[in-house]
Amino acid sequence: MPDAWSPFSYIVTNLARFIRPGEVTFSGVNSTPAMLACLLAKRAYDFDFTYINVAGGVQPSPSKIPISSSDPVLAEGSNAIFANEDFYDLCTRGGMDLCFLGAAQVDGEGRTNVSAIGDWHNPKVRLPGGGGGAVMLPTARRAVTWRTEHSKRTMVEKLDFVTASGGMHGVVTPIAVFVKRDRRLVLQSWHPESSLEEVRERTGFGFEADDAVATPPPTEREAAALRALDPAGTFERDARIRLR
Amino acid sequence: MPTSKIVSLHDLAALVPDGASVALGGSFLHRGPFAFVRELIRQGRRNLEIVKQSPGYDIDILCRAGCVAKARAGIVAMEGNFGLAPWYRRAVEKKQIVLEEHACMTLTAGLRAAAFGVPFQPVGGVHGSDLAALNKWAKVADPYGSGEEVWVIPSIKPDFAVIHANEVTVHGDTRVYGTFNWDRIMTRAARKVLVVAEKLEAVEAFQARPELTLVPGFMVEAVAIVPGGAWPGSCWPSYEVDYPEVERYMDTEGSLDEHMARAPEIGVSQVA
Amino acid sequence: MPTSKIVSLHDLAALVPDGASVALGGSFLHRGPFAFVRELIRQGRRNLEIVKQSPGYDIDILCRAGCVAKARAGIVAMEGNFGLAPWYRRAVEKKQIVLEEHACMTLTAGLRAAAFGVPFQPVGGVHGSDLAALNKWAKVADPYGSGEEVWVIPSIKPDFAVIHANEVTVHGDTRVYGTFNWDRIMTRAARKVLVVAEKLEAVEAFQARPELTLVPGFMVEAVAIVPGGAWPGSCWPSYEVDYPEVERYMDTEGSLDEHMARAPEIGVSQVA
Amino acid sequence: MPDAWSPFSYIVTNLARFIRPGEVTFSGVNSTPAMLACLLAKRAYDFDFTYINVAGGVQPSPSKIPISSSDPVLAEGSNAIFANEDFYDLCTRGGMDLCFLGAAQVDGEGRTNVSAIGDWHNPKVRLPGGGGGAVMLPTARRAVTWRTEHSKRTMVEKLDFVTASGGMHGVVTPIAVFVKRDRRLVLQSWHPESSLEEVRERTGFGFEADDAVATPPPTEREAAALRALDPAGTFERDARIRLR
């Protein structure tokens, strides 16, 4: 039944809903949900947009959907190889409309930490590190991130380390979609099986929710597109995302 | 014309001394010079500085074997579904190695400064990031009065750039298919360029389409031909990631020697 | 996929308004967007700012037709055995146009600043050159204490980059054979990219070798297909410089109209 | 008779004699004598060197010798296209061993003017302009130039405008070869049909000449190589170089 969300489809589909007609949209390394969101949007929406990715692909037509979001197969069927220096320069000069970026911790201003849990110099957990964020988040026209866990450990009042500032335009978790308004994240919608109360309870930072509603269910085409991308449910299984 | 630049993998790795700064090509599990990295381990290299925007298997196995003193990196992970790089993570948390954490583009800016022959390179963004204070980066005001301030990254000049390529000529001319990731700027920034290639190609083929050459031979110090040398990673379009083997590598019970023994460069007679 | 970007040469040139800043691709008599330049003349364009490291025929004929207000250039000549560009030279000497004299690489540094999204770009050399004072360039001390001082060039962001290419797809993907000169950085620095191409090529051919694409279609505003459009210059490997015609052009007795009337874009029905 | 110089062969051959084994040597735009010197050295000398040029050629084997020294045919037979940004960056980072650069005026320190005769703002003659010099002359390991006219107008005490500083390592004219010693040009040799006196008389700047001798004649192989490059004497005619 297409009107039911799975935690996995909720994240991928709501990331896809940030994509706008005619824009240049980018997905990077270590970003399977963002990669799937871009490929889903190509199948589920009528409008055209320019999908570029970290594998150098420009409007690619990959013959398979890779486990790794930087797999060279993502440049298959591309008319060009638009490699790393090129897409970063495009972003810093203002030509990247929408950039999907990963995060470990997000704060109420949409700033991110991907460097370390605990003190950077004596980390409890050494995280992957800087990546695209510090340069892309402040320079992309819009940046959007996701967390597969929604908790006070991931959606925090204070970041252990500010890897990237500039502020996410949108954040998607298994139970909520946030968008930025006047430099703060506000709740746009919540998972219909969740609630405003639950989102508040599991979020470390305070946020406004005046206009928040239950997230509209996936459309037939969104559901069909995701099924086509993940027919065996492999990506959904591997992602191991739970509502609670 | 110059004489052949083809050497064995052993002799190629032997060019890198203990303590050298080495930039590694490719990204995560894709087109990394992994056979070369394993050869460094076999030769017991120590105190290396590894420079790479997105290292994974390479920095992890080098840390696992105790070859690394310092990492200058943007994002470090195994990728795919494997998450963090466990031996790298432990090495950093236990302070066995020094980490200079970058954004991928700040590391690239440092490489650009070296490639351009200037002491520093301005980079977009970085504003509001704790990485700036962490690395003591400087901010420079636009001397042309725009009022803009820009972060500048000091020159990063590795002793070696080592890349894994699809095809080379006997003179060291190098082709990469699909994305070349950061390999272009690495080969321009480093003092010396070493190449591991899947295949030796005829000079005539390169002359027929010189636009495809990423690195001209005169910039290349030496080359080793190692088919499958990016294993267990991918080398487009020849082969994909060997995920089962990466899983075996990740198994903390499994031994490094067993993994190393399964490498394709073992026993393969190399063109030399 | 996006709809076709192919337009007529007339409509392509019509995108450039009076007073626009236009970077022109190619070098001297080689692979310049000369049909496009002639079309600007036919449309009576005025007060253009021309940006090019090594202009020749293009800047000269534009000055001859009175289209130019300012030139930002490195080295200006007809080359071959033709020496100086006569109408450009006269325009500068009579102060009919403003010249911003660069070294080729300082102009490129300005384009790099625009392409990289930073306000200025350090460049090697320049020390001791009167060009620095002439252009009021600033020198910045290395904030990392090397004691080195480096000249920095302010961002140069043309409104348009116009290049002449060998092959394009209907989506505007662009290939250049042989050297691409400065075209790559021009297409990254300019606000909009316009392409004139010898030939429309199948998308499948580009997809079979995407590494050869210099400019991806999404960066290209519009394209005109004009076989022979680099005349009287060369377009490798299709045709060489038409030296007799360049000689006729240089003949101060000869009329500009006669030269323009011999251009290959005349009467050729263009793909549109 | 190979032991006789023509003014043309004198310039081309003596430029070629600055090329050294194993080095990276570059010829640029508007530089026919330098292009011919590099091609001559490939034919006349036993040692190998890396010849790169402004057409993107790396060790090219052009099927014809072009009139224009930036003609794309100069990349024919090349294994790579090493385009403008690449060879300039190579130079500024210290990887260019020998760089041939044109000049209109040269002073006693080997600085050059290619910008204007007279005041830059009110030029008697507007010259081609900056080109490679201002960046390449100070950064190339060695730079060498030539003048087809040797006079007090071209070899000057004071430049009308200093386009490029850093100092030429060598200068070749129809009657003399200069090399740099301690930041000054000194006479290395003079055309056997000229003399030290004539060189002094026709040079605007003072120079030392302690070790100067008559220029050794072209070798059989140098003469044969130039004949092979210019069988019909077209380049020699077009160059219109006179001893006096």
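Every chain is named by a letter (A, B, C and D) in the order it is written, and numbering of its residues begins at 1.
We adopt the following convention: a contact is a pair of C-beta atoms (placed from the backbone, for glycine too) under 8 Å apart; a residue touches a chain by one contact, two chains touch by 3 or more.
These numbers were taken from a predicted model, which means no experiment stands behind them.
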item	value
Which of A-C and C-D has more C-beta contact pairs	C-D
Approximate Å spacing (C-alpha centroids) for the pair chain C, chain D	28
Length of the line joining the C-alpha centres of chain A and chain D, rounded to whole Å	58
Distance from the mean Cα position of chain C to that of chain A, given in whole angstrom	40
CA centroid of chain B to CA centroid of chain C, Å	36
Per-residue overlap in chain B, given as positions that touch at least 2 other chains	116-118, 123-124, 178, 211
Residues of chain A engaged with two or more neighbouring chains	56, 75, 81, 91-93, 139
Every chain pair meeting the contact rule	A-B, A-C, B-C, B-D, C-D
Chain C - residues contacting chain D, complex	27-31, 53-54, 73-77, 79-81, 84, 88-89, 92-93, 99, 101-106, 108, 123-131, 134, 178-182, 184-185, 234, 236-237, 240-241, 243
Chain A - residues contacting chain C, complex	24, 48, 50, 52, 56, 58-59, 75, 77-82, 86, 89-95, 139
Touching residues (chain side chain D, partner chain C) in the complex	29-30, 54-56, 67-73, 75, 81, 83-85, 88, 91-93, 111, 114-115, 120, 123, 125-139, 161-166, 238
Complex contacts: residues of chain C adjacent to chain A	1-2, 114-118, 169, 171, 173, 188, 203, 206-207, 210-211, 213, 215-219
Touching residues (chain side chain C, partner chain B) in the complex	113, 116-124, 138, 140, 142-144, 146, 148, 150, 152, 154, 176-178, 209, 211-212
